Amino acid sequence: MAGSNHRNRFRNIDNTGFGPNSSVEGGRLINPDGSTNLRKRGLPIWERISIYHTLLRMDRGPFFFWIFLFYTSINVVFASIYFFIGVNNLSGIDPAQTAFQQFTAAFFFSSQTLTTVGYGHVAPSGMMTNIVASTESLLGILAFAVVTGLIYGRFSRPRAYLRFSGNLLVSPFKSSTALMFRTATYKNNHLTDVEAQMTVALHVTENGKIVTRFYQLPLEISKINSLALSWTIVHPINEESPLYNFTEEDIKNSKMEVIVTIKAFDDHFSNVVMQRTSYTYNQVVFGGRFLPMFERAQSGQYTLLELDKINTHERVVLPQRVFSEN
Amino acid sequence: MAGSNHRNRFRNIDNTGFGPNSSVEGGRLINPDGSTNLRKRGLPIWERISIYHTLLRMDRGPFFFWIFLFYTSINVVFASIYFFIGVNNLSGIDPAQTAFQQFTAAFFFSSQTLTTVGYGHVAPSGMMTNIVASTESLLGILAFAVVTGLIYGRFSRPRAYLRFSGNLLVSPFKSSTALMFRTATYKNNHLTDVEAQMTVALHVTENGKIVTRFYQLPLEISKINSLALSWTIVHPINEESPLYNFTEEDIKNSKMEVIVTIKAFDDHFSNVVMQRTSYTYNQVVFGGRFLPMFERAQSGQYTLLELDKINTHERVVLPQRVFSEN
Amino acid sequence: MAGSNHRNRFRNIDNTGFGPNSSVEGGRLINPDGSTNLRKRGLPIWERISIYHTLLRMDRGPFFFWIFLFYTSINVVFASIYFFIGVNNLSGIDPAQTAFQQFTAAFFFSSQTLTTVGYGHVAPSGMMTNIVASTESLLGILAFAVVTGLIYGRFSRPRAYLRFSGNLLVSPFKSSTALMFRTATYKNNHLTDVEAQMTVALHVTENGKIVTRFYQLPLEISKINSLALSWTIVHPINEESPLYNFTEEDIKNSKMEVIVTIKAFDDHFSNVVMQRTSYTYNQVVFGGRFLPMFERAQSGQYTLLELDKINTHERVVLPQRVFSEN
Amino acid sequence: MAGSNHRNRFRNIDNTGFGPNSSVEGGRLINPDGSTNLRKRGLPIWERISIYHTLLRMDRGPFFFWIFLFYTSINVVFASIYFFIGVNNLSGIDPAQTAFQQFTAAFFFSSQTLTTVGYGHVAPSGMMTNIVASTESLLGILAFAVVTGLIYGRFSRPRAYLRFSGNLLVSPFKSSTALMFRTATYKNNHLTDVEAQMTVALHVTENGKIVTRFYQLPLEISKINSLALSWTIVHPINEESPLYNFTEEDIKNSKMEVIVTIKAFDDHFSNVVMQRTSYTYNQVVFGGRFLPMFERAQSGQYTLLELDKINTHERVVLPQRVFSEN
């Protein structure tokens, strides 16, 4: 590999939390959504998974579907219990009805108890149904408490709401080139004390074995006070870069993956927020330059940020003899 | 511009999150309430807006109005459903009533179901109304969970509760002048480890093009241990200041905007709080001095902070040959 | 004042958030519970007071009393409304009853609506009562949301749960003396990264005017990794101390107040917690030494911390010619 | 003790929050679950215990058992009140029933009131029962608020979800040995900015008295950017180590305890999390090496972390003349 001699000058960082043999063929270390491409084993699933956080991160549709399913299941269970005790222990249900009618009546009574709406046109009259109904209404209150907690948790979970450019560009920069990506917040939030970090993972052959090496990529500006518009994060490919003298071929051969972390203080949440993503070698554009994504509004009264242009770039020719050694 | 030679000595900071061409004529970068004078485009509004945070930051009046409107709308929707199913499927409503009477009865039944009050003098008797009522009571519980979350979120959102002086004063300071503003907390909260930051934005002509340049303004004291009374933040206009030798005219021509950020630890919330504001050139008073805003109580037992005096200042004559070059 | 020559060597710190003329005769700057002895004026009370935080910090008894009072008042208001509309619009109330009986019946109907218990033996039958009841049940749900938020807020408010010794001791220390106080957590919580800060306020006569001067008191150990047992915070009174060569008389004349702040990370709350208190000159014991407050349990299996001994100290004679100049 | 001469070169750290005489025979300072082996006395238990946090940290089973017990007890109390007032003041209960039947009817009415389900087939008819029922439904709402807060608190309490290896290994390391333990997160969470700290407590005889001395153990790597897989924390036993030249015997005689603290930022909770544990001398394996606990998945698409292998190690022979002085 062309750049390997140069690269040897750099200290491989071993504090990334990944090991040298965690490389995967065709896979990646970090998924584009920031999660780790990792599975855990050796513990039962209910110990490995935080149900609360799974429900917190779930999309809105499935979340409410699960709640609806849960509500219906609980009612089916209690309806069955009332049915087997006998609906003659529920005043207001005609015991002369068919079994199906009795079951649906029990089902609706259950739902009225679980939600504590309790109309009372059907009410428990026997000892057993009273005990079951009393338990069910407590269960309803507890379930409601859980749902309240989940919904509040979903609302209030601090998130950075960042969009990233789809590509990682190799752009002309000063008299050389630089790796660049772009980010912007897409909600009406505002980040301050924003820090960026770029780590590169290279899968290289050492002593005939493929190992993964990690290097920190120094950034032109790694911290900004405030992120109102967009921010282009720039890693200059110069003598200080472990990628110096890499050819396009080298990048592909090493199955390069660039892991990106943004950490900031969000004044919506008054909390630190963090977002990660990663770019693999096939998301790299060799010779590209981002086009502006904000402009003065026609009225001149405000600035307009165009979020759909976050990845908009033009093709440019890279300066010769800088990225490759030919 | 008089000060531009001097100003060139200072490094233009490019990590403010604003670009050099974000300047607006007649507009401002930061609104007095601390929000960014910025609009976003290119994503549908529901992706661009965080409804939760919008409801969190809304004034109390509109907030409860929206809740009331939402409650009424849901009831109208469900009343319509019950009405079209037929009120003969609701026991306790006289089907001989007029359509309007039937609709209002359905409306009130809906509200009794949604809030889970469920008196039961009206109750679902048919299959369809039972299904709808069962769904509505679940919806009521979910809506209630959302409202609980919103109300708790409104309460517990960490805020600095800072008032700022309405004007930015150019005051005599030592043998020269200084830019000064004043801040105080207006609630019964107490801030510790309070940090202030002042950034100036100057819209200047470079190569015939108007660009915005940002400079950090060094402060006499930028961090205090504790903010119990008021704090006057002071930027001395000396050789270290990018505003050195600026005339009143220069300040107006450059459409100067001073962005102010206060960050502190609040022991109400046990959380970091942040508040921003900005002053534009037309809020600057050339020659003013803040008058004290606290005094010993007559009883001598406590200190009295007068919040309505936060902007009270007297006019003073500035020392000659310091602010202007004439 | 004996020590004033020496004291002049120290920089008066002006970033305490208190001004030089905030001194009060007979009063203090910080109350023992850590709040500031300060009143605010110039804004209406509802803008000056954070009701949420007032209810959060209130003792349990008054808190539940206010909730009960609020509940009763709301019911009285709604009972009056139902009464004036006429109880004949509530099915289940006998209109032949006395006015008092009618009012109490309306009151109990109101409480059944507000809490959404809604038995239904009394139910709204007229248009007006239906509208009022529908509004009241919404109000009940909102009030409940507020109470849930308050109760959760009370629970989850990060607090340090620190006890402080009642006295500030002047103890023998090395070959000189030191100011000492003691602190310990009294709940089953555990603090890490604990930092202490001591600031002294001295009310001194300068140019015939009484002004307050603040000095940081250097501590022997100002940060500990973990606070499991008790911690005695020590300010050595040596050449580095602004109190060097002060006599007992000097301390009384200057109405010395020592403000103490402890900041730590609490792993109960996973949050930073902060607690303050202050000692005035009349809490100072000249010549005292804290006695141990923890011991090995008789079984030898654990350590026993005796919280009631936090202020237990013995009288000792101070070394001569150190604290006073005689 | 062999190593004591060497050890004297190290500064005993006195900011651990434990005292020199907190040593216990047969006991330990920190329990494996991270809590302090400490009891407090001198305050009534309700002041010493944070009920909220006790309920937060309780296992799920006991937590719901306590809620169920609390629910039943409240209902028994109120049932007794209704019973003594007389069930003839509750419409819908037949006063001709046996006392037991009356009591159970009162019990179920109480549960319907507390949960606000309020069917209404039983309803308060007298003044006293109305007052009690009105109070009970308020109490129900408050209790529900408490439970909602508790359940949300249990969900959202930031935790590190770390597993630790059961043993502390003395492993060959470079040309000497090192103390090593291993940790990994067992849920689908991801830690960043992870810091480890190792403190050793040695119970040594000084002047014929057993005292406890604390030393910080320097780590090879004490901070990693990200913890995705497992992390082996390494304290090299070289000239920089207070354990240098210790024999196996020394370690046992000093009843060595190693206290371990991991602090990190968790992006599930967007909060700092902390977890502690400790290893005593009888958990030390003299001569062991951890075996890998993660591997490439057979499909090559992801990495597989095997949590049940966290303590898997093989026995190795330690290099001579390094750990012992023989």
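The first chain written gets the first letter, and so on, giving A, B, C and D; residue counts start at 1 in each chain.
Methods note: a contact is a pair of C-beta atoms (placed from the backbone, for glycine too) under 8 Å apart; a residue touches a chain by one contact, two chains touch by 3 or more.
The structure displayed is predicted, hence computed values, not measured ones.
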{"item": "From the options A-D, A-C or B-D, the pair that copies A-B, where over half of the contact pairs coincide", "value": "A-D"}
{"item": "Interface sides of chain A and chain D: same vs different residues, half threshold", "value": "different"}
{"item": "Inter-copy rotation, chain A to chain B, in degrees (Cα atoms; steps of 5)", "value": "90"}
{"item": "Distance from chain D to chain C - Cα centre to Cα centre, in angstrom", "value": "28"}
{"item": "For chain A, residues contacting two or more additional chains", "value": "112, 116-120, 144, 148, 150, 152, 271"}
{"item": "Interface residues, chain C side, partner chain B - complex", "value": "13-19, 21-27, 29, 35-43, 47-50, 52-54, 91, 112-113, 116-120, 123-125, 127, 130, 133-134, 137-138, 140-142, 144-146, 148-150, 152-153, 157-159, 197, 199, 261, 263, 269, 271-274, 276"}
{"item": "Of all residues in chain B, those that touch chain D in their complex", "value": "116, 118-120, 148"}
{"item": "In the complex with chain D, residue positions of chain C that touch it", "value": "64, 67-68, 71, 75, 104, 108, 111-112, 115-121, 144, 147-148, 150-152, 155-156, 161, 186-192, 194, 221, 223-229, 231, 265, 267-268, 270-271, 292, 294-297, 300-309"}
